[in-house]
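Note that the chains take the letters A, B, C and D in the order they are written out, and that residue 1 is the start of every chain.
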Amino acid sequence: MTVDADGAVTAPGTPAGLDRPPGPRTETIQLLTPEGERVEHPDYPLELTDDEIKDLYRDLVLVRRIDTEAIALQRQGELGIWASLLGQEAAQVGSGRALGPRDMAFPTYREHGVAWCRGLDPTRLLELFRGVSHGGWDPAAHKFHLYTIVIGSQTLHATGYAMGIQRDGAVGEDGEAAIVYFGDGATSQGDVNEAFIWASVFNAPIVFFCQNNQWAISEPLERQSRIPLYKRASGFGFPGLRVDGNDVLACLAVTRKAMQAAREGQGPTLIEAFTYRMGAHTTTDDPTRYRLASELQAWKLKDPIERVKAYLVRTGAADAAFLEGVDAEADDLGGRVRQACLEMPDPQPLAIFENVYAGPNALLDAEREQYAAYLDSFTGEEAR
Amino acid sequence: MTVDADGAVTAPGTPAGLDRPPGPRTETIQLLTPEGERVEHPDYPLELTDDEIKDLYRDLVLVRRIDTEAIALQRQGELGIWASLLGQEAAQVGSGRALGPRDMAFPTYREHGVAWCRGLDPTRLLELFRGVSHGGWDPAAHKFHLYTIVIGSQTLHATGYAMGIQRDGAVGEDGEAAIVYFGDGATSQGDVNEAFIWASVFNAPIVFFCQNNQWAISEPLERQSRIPLYKRASGFGFPGLRVDGNDVLACLAVTRKAMQAAREGQGPTLIEAFTYRMGAHTTTDDPTRYRLASELQAWKLKDPIERVKAYLVRTGAADAAFLEGVDAEADDLGGRVRQACLEMPDPQPLAIFENVYAGPNALLDAEREQYAAYLDSFTGEEAR
Amino acid sequence: MTVLTLSKALNAGLRKALEDDPRVLVMGEDVGKLGGVFRVTDGLQKDFGEDRVVDTPLAESGIIGTAIGLALRGYRPVCEIQFDGFVFPAFDQIVSQLAKMRLRSLGQVTMPVTIRIPCGGGIGAVEHHSESPEALFAHTAGLRVVACANSTDAYAMIQQSIRCDDPVIFFEPKRRYWDKAEVDPAANLGAALPLDRARIVLDGTDVTLLCYGPMVRTCVESAVAARAEGRSVEVIDLRSLSPLDMETINGSVRRTGRCVVAHEAAVTGGLGAEIAARITEECFYQLESPVLRVGGFSTPYPPSRLEDHYLPDLDRVLDAVDRTFAV
Amino acid sequence: MTVLTLSKALNAGLRKALEDDPRVLVMGEDVGKLGGVFRVTDGLQKDFGEDRVVDTPLAESGIIGTAIGLALRGYRPVCEIQFDGFVFPAFDQIVSQLAKMRLRSLGQVTMPVTIRIPCGGGIGAVEHHSESPEALFAHTAGLRVVACANSTDAYAMIQQSIRCDDPVIFFEPKRRYWDKAEVDPAANLGAALPLDRARIVLDGTDVTLLCYGPMVRTCVESAVAARAEGRSVEVIDLRSLSPLDMETINGSVRRTGRCVVAHEAAVTGGLGAEIAARITEECFYQLESPVLRVGGFSTPYPPSRLEDHYLPDLDRVLDAVDRTFAV
């Protein structure tokens, strides 16, 4: 089924201008309604067993639990800041579960759900937000790149990586692809548009996954585009589409198809996952300054988890025991995340000088020595 | 009439991908065929008197003559470099003559024809290429901004200027607009795409005039885009169109309409003038390294001047006396340009320190004094 | 006279500038309803409208590039870069366009663009939110670079920058946004210390301590501590980083014979290098010991749990001061 | 042994690197059929194919950004920036991504990206084609910055840079592209002077003259002229601009007691500041006079008819050398 977009942000219609017929209405791909009804889309058939849907539900709940715990940890001063994914679980789990083990994902700073799907221990995410490292995981280990904070930069990294896939001859039947995540605000950055150009010119195996959560901190979508974002791709000559970002099934189906197309050598796709940032931009943000509570209320009705739960309960696929089991697992996970955070050691002062260069660097080595001596000049052991 | 693009570069068709119907064939707006036949286009009616067409012819010839002379001057060592507009006269004169006195134009380094239409003395252009100044004219005097060499930067300046027009309340019936020139290569720069975003988001009164001369130095269009460039605009939500860039009438008509739309508050338009760089990129370039002579031959048949001449002669609008008169005027102009170049004084050494800051700058003032004393330490007068 | 935080003083200065001159615009990401992430532009859009306090797309090159265009049209844009680490996408527009436009036009074009950059560390932030890129701009001819260190200066300097016909890179000391000092909104701007002058904030006779922005408070505290140990430290707030006020600097160093420069940026290639080199050239025979530099290490800014080690604190400044005597 | 121009030596070095390691890529604007505007990549695409010698879209941020991605996939990209003045659109990717990726990953990610930048003036070019931005990169931790000055070094250094696991900003002295010197393609790269070492190119006893890139030839000529006047000038080609080889530098200055640093970039905030400050810190009591700097003025690079005034020439270098004796 194809439904009209009914989010807070709609296409302002065709801008006044020359010789352009009014465009078609925005189409949003949906497979599971907010009420939990399964609907079909001719281009995105999706066959999932009940168990598979239950697994997705579990992912959604666990990922939200990680987020909730992290927010709490930040409030208690254990994290410096946290970027909540509240409301975006389906977009992240749906797309994340569409990836194969050899695909490579490039996140922003908010893709905790994708990290989860890639198998990265969620406690590793905390290092950055606690200020213990600037990331610190090995991108190759889980095929999940480091978080990137400078808006849009990672889109070029992902495109270059995809060009590497091509050079490795890893495009084709059993091919690999890259996926890069970015927000609605990011679409205004030069880098993101350059990535569109490079990907299309080189027909690189990449999926551009834009989570349009309708806000870039306090800036509404209208500050970034006057037409729906998925249409941006057409200007660069590759397909773009909009999916209900709160529908985990649709996100899964759409990303699967786009990734497979990329792997097979059909080049890039832009997916706009239309969703909503239900929380603050980060824990330091105060959204009441710039948006209405009613907007949030409206989006609560489209909650990505509730609709899967409704589906599972209505169809009888899940019973109370299952739901309780997931909740219990979530609590365990929350506890584990909390504990790992509290136990996380501070880095040693001299770690400042590590990992800046691959080889020795006379200047830096001298600085390290000097600073070590300086620290020793206080209490010796203690300061170091 | 709408003709199919038949240039060396064609749309590679719809890229393989998801859910996209094959697009329509590229349409190029044309009002005067290469054979000099006047054709009509329903959306671009153009009523010109014979005298007006003769004026355009004169512009084209004179502008080419400036270019020829400058190339010769460079060969003789009088200019450091020259960026030839050969082949692009119609795009520049057509669009340049569409501007009103209050419109503001932002050129690259190749818009000698636009400079001419804006009334800037062509000898002023030589300063930059001779190395006497970095530009040196007053942009406000002729509403023609300084040449910009860093590819694409000026598109943002023009967009900001257009936002200034809005803030001045100068949009409307008697409104003003900006036009910015850039090449096919420039469309790959982040800045140009950011300009598209800003212009569309703020609905700024601006026309983006892309001279697609099919080469960015040695890079063919395929390195910048896999679909026709005018389509880029659709991804940003404003109209884009392609015009025969070697057809001065069509360039005039489409630019007029787009400028008028911008002035009236209908926002930006992207015009792709499909043309060909008939010369080298600059006088230091050697195009035989990267393109075939046959391509150039094919484009010679579409020469922007010949077709106007053919039209004027066939219709009897111009006689031999007129044509000879224009040629004589061109020779005069060439001579004047040459003489001005040869007579152009070198700047004084201490000019290095001028015009860096608006007010006094203690550090720079001290440097100037020191250097003056240093120069004096040689022969006094002579060096300074 | 009223006591304001540095953030509020900037807000008051911007408000004054917007009131005084209809050509002044404020633009940047989140400067409108949100009032900026540090609330420096709080309330301005409400009072001056969306056309003068412009929420922009998320694109720094676009912010500076369009500001240049607005300046060409006669406006005086004040651009906010949300954090120091996000000025780099705009670097090309700043160094190749903004800084060079006047010369390119042989003085016929004026570029009164102010670029506000909250800078420096010490607020426990994540990567890219604690940078000190001033040396990059001070090496770029055509720009003026200033740094305010307190509310009093902030209020005057932001207005002076906006009135200045040259582009000004205006650094705001992030971790001092909440420090308070007196501001006199009634005072005549013409009476304020010129934008290109340094200020001696603490007189001293034994050693000159040069600093700017967030380090001024640290250095004053160090000087107070040193005084307790019998060492008289003269503290100078440079305020103008380009051009440097060498008259004030040299005057002090010639008196004291010793000098330390402190900044948060990496010492290697930092502004302290220029200052030290220049002082040495101009005061070599009055120097009792080499000018010493104290600042960040030659590493990227570390994760926040290590930033107290990276940032020069009272002890590290004092250590450097001591070393100028350790001959 | 064969005599090659600097441009051809780089070409030979790139060719060798492409042959030695299938993971090496060359990428940039016009590097393919055209062979680059300076012909440094001439013939490489023909021999190694379009996948390894990649003509890119016209977007410098894209060049560096995708090179980072290619490096993440295990490649060793060598990016060409067509001219010095066009590196700024890529500045963000270089300083915030390329330079910091290793630290961000706690050493688990390696960024063997080489960025070739033809730099400096003296070729009669228009604006933006004669810049010397090395100080900006030398102030950025995580990068290595080198400058070659002759064919011999060019051939070895480009290969060393490509083999280096750190990102290297590789400056090529534009106006020396056509200078010739001997290159030994058979020599073992391991025997070459390490990438981070300076080289004494002319021994001397009275004063140390530090330089790099295009200024090396000028400085050698100055030293020869000075010798005729009875002054013995030691000329050091720094080669590595970050890190600086302070061992070699200090060793020389301690012997001579005097020092001049010469570069094309503006003196204010230039690399000479760092060098002068560091030497002064480390050799203060051996210095007979202050380290002097000679270089560009604190102005944008001027139009080419004035560049002979802007660029330090033999006379200006000699003047600075003389001034170190004028006590």
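Keep this in mind: a residue touches a chain if its C-beta (ideal position, glycine included) is under 8 Å from a C-beta of that chain, and two chains touch if they have at least 3 such contacts.
The structure presented is a predicted model; accordingly, all values stated were derived computationally and were not measured.
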From chain D, the most remote chain by mean C-alpha position: A
For chain A paired with chain D, centre-to-centre distance based on mean C-alpha positions, whole Å: 40
Computed distance of Cα centres, chain D from chain C, in Å: 31
For chain A paired with chain B, centre-to-centre distance based on mean C-alpha positions, whole Å: 43
Sequence positions of chain C contacting 2 or more other chains: 56-57, 59, 61-62, 85, 88-89, 92, 96, 100, 103-104, 127-128, 141-142, 242-243, 268, 297-300
Chain B, residues touching no fewer than two other chains: 133-134, 150, 188-191, 194, 197, 201, 223-224, 356, 361, 363-364
Overall pattern in which the protein chains touch one another (line/ring/star/complete/other): complete
List of chain B residues in touch with chain A within their complex: 14-20, 43, 187-191, 193-194, 197, 200-201, 203, 222-227, 231-239, 241, 257-258, 261, 265-269
Residues of chain C that touch chain B when the two form their complex: 25, 51-52, 56-57, 59, 61-62, 64-75, 89, 92-93, 96-97, 100-110, 141-142, 144, 164-166, 196, 242-247
Residue ranges of chain A in contact with chain C within the complex: 80-81, 109, 127-134, 149-151, 185-186, 188-191, 216-219, 223-224, 284-285, 289-290, 346-347, 349, 351-353, 356, 361, 363-364, 367, 371, 374
Partner chain D, residues of chain C touching it in the complex: 61, 85, 88-89, 91-92, 95-96, 99-100, 103-104, 127-128, 135-136, 138-139, 141-142, 242-243, 265-266, 268-274, 276-278, 280-281, 284, 289-293, 297-300
Footprint of chain A on chain C - complex, ascending: 29-30, 32-35, 37, 55-59, 61-62, 85-86, 88-89, 124-128, 268, 297-300, 302-307, 309-310, 316, 319
